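Shared chain: chain A. Partners: chain B in the first complex, chain C in the second.
Moving on, here comes the complex of A and B:
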């Protein structure tokens, strides 16, 4: 049985009397400990799928099941302990007026988990930040450091599933690689399942076992890593995307 | 010692929550110090605080002691350097004790009105929809009345007195805070860091109190300091009309009112409390302007 199962998912936003269909009839399933990529250009609906899983986007049809249980309209605390998300922009996803200590201990307080001090310090070291950073404010950190904090926060509740919404696209190239390696290491250590969105096939190739290519809210084609490496795409769109980032994939 | 203190405050790796917070306050103070007008404002407000705290020491007379033989003496008379009023009471003494009343009113209004406004505004902004509609229409109704008139109506229903004056002012002062807080909440509620804490399973109460309000607080605090001048003026206005503080208490508005009768012959009786109101209002306004630079989250990057 797959850990994440999405069947026929549709997401429709109502904007000024119009219906905008961000996602239409997309199905996918991700096995436990798998790393699954969603790729496509801007507006293809890939981030919307992650947001729909978290209850941040209006689902208009289809079902989402986590570990066999369908998720309802309301996300419970138990859901929060299983599924966490890392957002795209580390400058917008961390509360600017809270110290890192507060940011990292908030999930513990919500779930009434004790041992806050030790857990916060461990979370910082796990993502490669010195414990001395604990009482800093986010504006005292660089973008890459902030994204590490966001990853640490997502892992505070020890979830099984990590949703990654272009976690490196706001970072510069050298920091990107570091962050991706950190994510890969954490996935191995903790047996995490990744559902990762990117517009960059090179990132997906580095991170994911399988990838779903999306276009205009529809699923275009699913590829395994081998198919991706061997450039065995069936659709023209996937091939165009591949050609756009092929040179960087060869470097890596 | 001082140097040690500075390095401790500026430590980029604070060792405790308290050190981190004090460090932020220190940086805020450095930013405030760069604005000379704000420092003037702060000095005036601190002087008002000192004056209220040390009133018995600073006063030269008893604020209620009448001396009809020495009534309406001009300023710079030996023994009464700001002159005396129509009952022969020392004006300087009454100004000094009046600072206590002014501060009492300002403090009570500053505690009640912004808190109410913040709660109404953040709840309306965060939940949106029907909640927003109902709360904001109530706010609109309060905003539609002229403040002084509404305060007058409330005081005449509740009866004159300092507590009722404070209540009336607070009840008329909260709607602008609710508006400011709602506007700020609307910009914040869609932010990723709010989505992140919601994803962690936080309830609405925790999100509003712990995550939304800290973002609204700076603009509300700035608004409060800028409004303090208005609060002092309304309190003085109520006193002037005989609906606020009652004689013989030395409230500044009341003092102006009693000096009105001799405005042309003995100008100082009304002018000196007027100057006191002017200086304190100016102090709060300058401070508010300076706080805008200090508390604006966009300028806190250093």
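Moving on, here comes the complex of A and C:
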């Protein structure tokens, strides 16, 4: 049994009289301790899949199971302790008018965990931010610093599953390396499971065992890491993405 | 020909916890070309870009011995003169597009507002122009997007809407802050070719802020590398991969590669003298 099982998932939004079929009949499963990637066209439904797992998208068909249990309409406190998401837009997980201290300690208070001070300092240090930053507000940070706070917040509750939506897309190469190393170390140490979106195939290759290529709401193709590295893709779209990847272009 | 020249730019914030020197003496000039700015998270790239538009909120403070745009002294210009320049002659694509767009206004209204009010264009023409701009940035269903609010767009769609909005008034200078960081490679290539055409055909000046070294190496003419509020290296973009400065070299080494090792990525040694 896989830890995350998504079967035939469809999500339809309604906007100004239009139906937006953001995800159509997508299935995937992620084993415990596996790291699974989602790549694909902008607007193809990657974030929507992660949001659906968290109960934040209008599911119109299919099922989502975590540890064999279908997730219902409402996510419990226990779900939050188990599954955490790092949103693509950092402002989705950090309140603009709260200090970082408050943003990071809030989940601890809700879940009645102690040792707040030490945990907050540790979380900041883990993502490469000076502890003195805890008294800053989000607008006093750079874009990449805000993204790191969002990662720190997701780690506060020591979840078992991390849903990561472009977690390093606002980070320069050095901070990206440190963040990816941190995520991999935590996965190893705590036996975490990742479902991770990135538009950077090199990041996916470094982090993930398997990857699903998405296009226009559909699953185009699933690839193992070996197939990705060996350019053994079957669909034209996956091949185009691969050929246009920045790290390959420079070698040519 | 110089479109913008900046000399000894400093941006400081007086916070309760002390003075933060976000930009510490940055100088550069820009012609009708593509200038890249790369550098570590927090190194002052965004603040440098915002300074050109004098968009630094108090307690932030800008100082420069010179900041000239097409003969206009930006340090001496009145707030009213700056408002006339912003969006019209100098536009900026913000790093957090969804946060910079108006959350309670439909995309269509935001795209056509300037055309209707400022350029007195009739409604049908403004709508047609807006849709054309969205198609240019590869939005699949522009009519639906016109009817959407910012929170109803994906990350990369928000970025592309912001780019479309900034390009509608035909600015002379575009400052693009991480404009393609959420785009897949194929859509990214289309967006870059639009920017490229504007520089080549219309002579627009482009400041392209990005953390993506490989992208900047391919796309820009010249690159400034920033570290802790300073420019540590300036070089032709095509030579970026042969950069001399230990910081730039360090950055290149820590990029993951398809088919590369899964061992921890090399970090950056920040203890060396240059890091001060």
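Please note the rule applied: the second predicted complex is superposed on the first by the 234 of 252 C-alpha atoms of A that agree within 3 Å, B and C clash if a C-alpha of one lies under 4 Å from a C-alpha of the other, contacts with A are read in each partner's own complex, and residues count from 1 in each chain.
Here, a residue touches a chain if its C-beta (ideal position, glycine included) is under 8 Å from a C-beta of that chain, and two chains touch if they have at least 3 such contacts.
As the structure is a computational prediction, the values presented were derived from the model and not from experiment.
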item: Which of chain B and chain C A:140 touches, first, second, both or neither; value: both
item: Partner chain in contact with A:41 - chain B first, chain C second, else both or neither; value: second
item: Partner chain in contact with A:93 - chain B first, chain C second, else both or neither; value: first
item: Partner chain(s) touched by A:10 [first = chain B, second = chain C, both, neither]; value: neither
item: Contacts of A:76 with chain B and chain C, given as first, second, both or neither; value: first
item: A:157 touches, of chain B and chain C: first, second, both or neither?; value: first
item: Partner chain in contact with A:240 - chain B first, chain C second, else both or neither; value: second
item: In the superposition, chain B vs chain C on chain A residues touched; value: C
item: Touching partner for A:107 - first (chain B), second (chain C), both, neither; value: first
item: Touching partner for A:85 - first (chain B), second (chain C), both, neither; value: first
item: Doubly contacted residues of chain A, that is, touched by chain B and again by chain C; value: 88-89, 132, 135-136, 140
item: In the complex, chain C residues that touch chain A; value: 13, 15-17, 38-43, 45-46, 95-96, 98-99, 106, 138-141, 143-144, 147-148, 152-157, 160, 177-178, 181-189, 211-215, 217-218, 241, 250-252, 254-260, 262, 264-268
item: Partner chain C, residues of chain A touching it in the complex; value: 13, 15-18, 20, 39-43, 46-48, 88-91, 132, 135-136, 140-145, 148, 165-166, 169-178, 180-181, 184-185, 199, 201-203, 205-206, 216, 228-230, 240-242, 244-250
item: Chain B-touching residues of chain A, taken from the complex the two chains share; value: 54, 56, 75-77, 79-81, 83-85, 87-89, 92-99, 101, 106-107, 110-111, 130, 132-133, 135-137, 139-140, 150, 153, 156-157
item: Touch list for chain B against partner chain A, complex; value: 12-17, 19-20, 24, 191-193, 195-202, 206, 210-211, 214-215, 297, 300-301
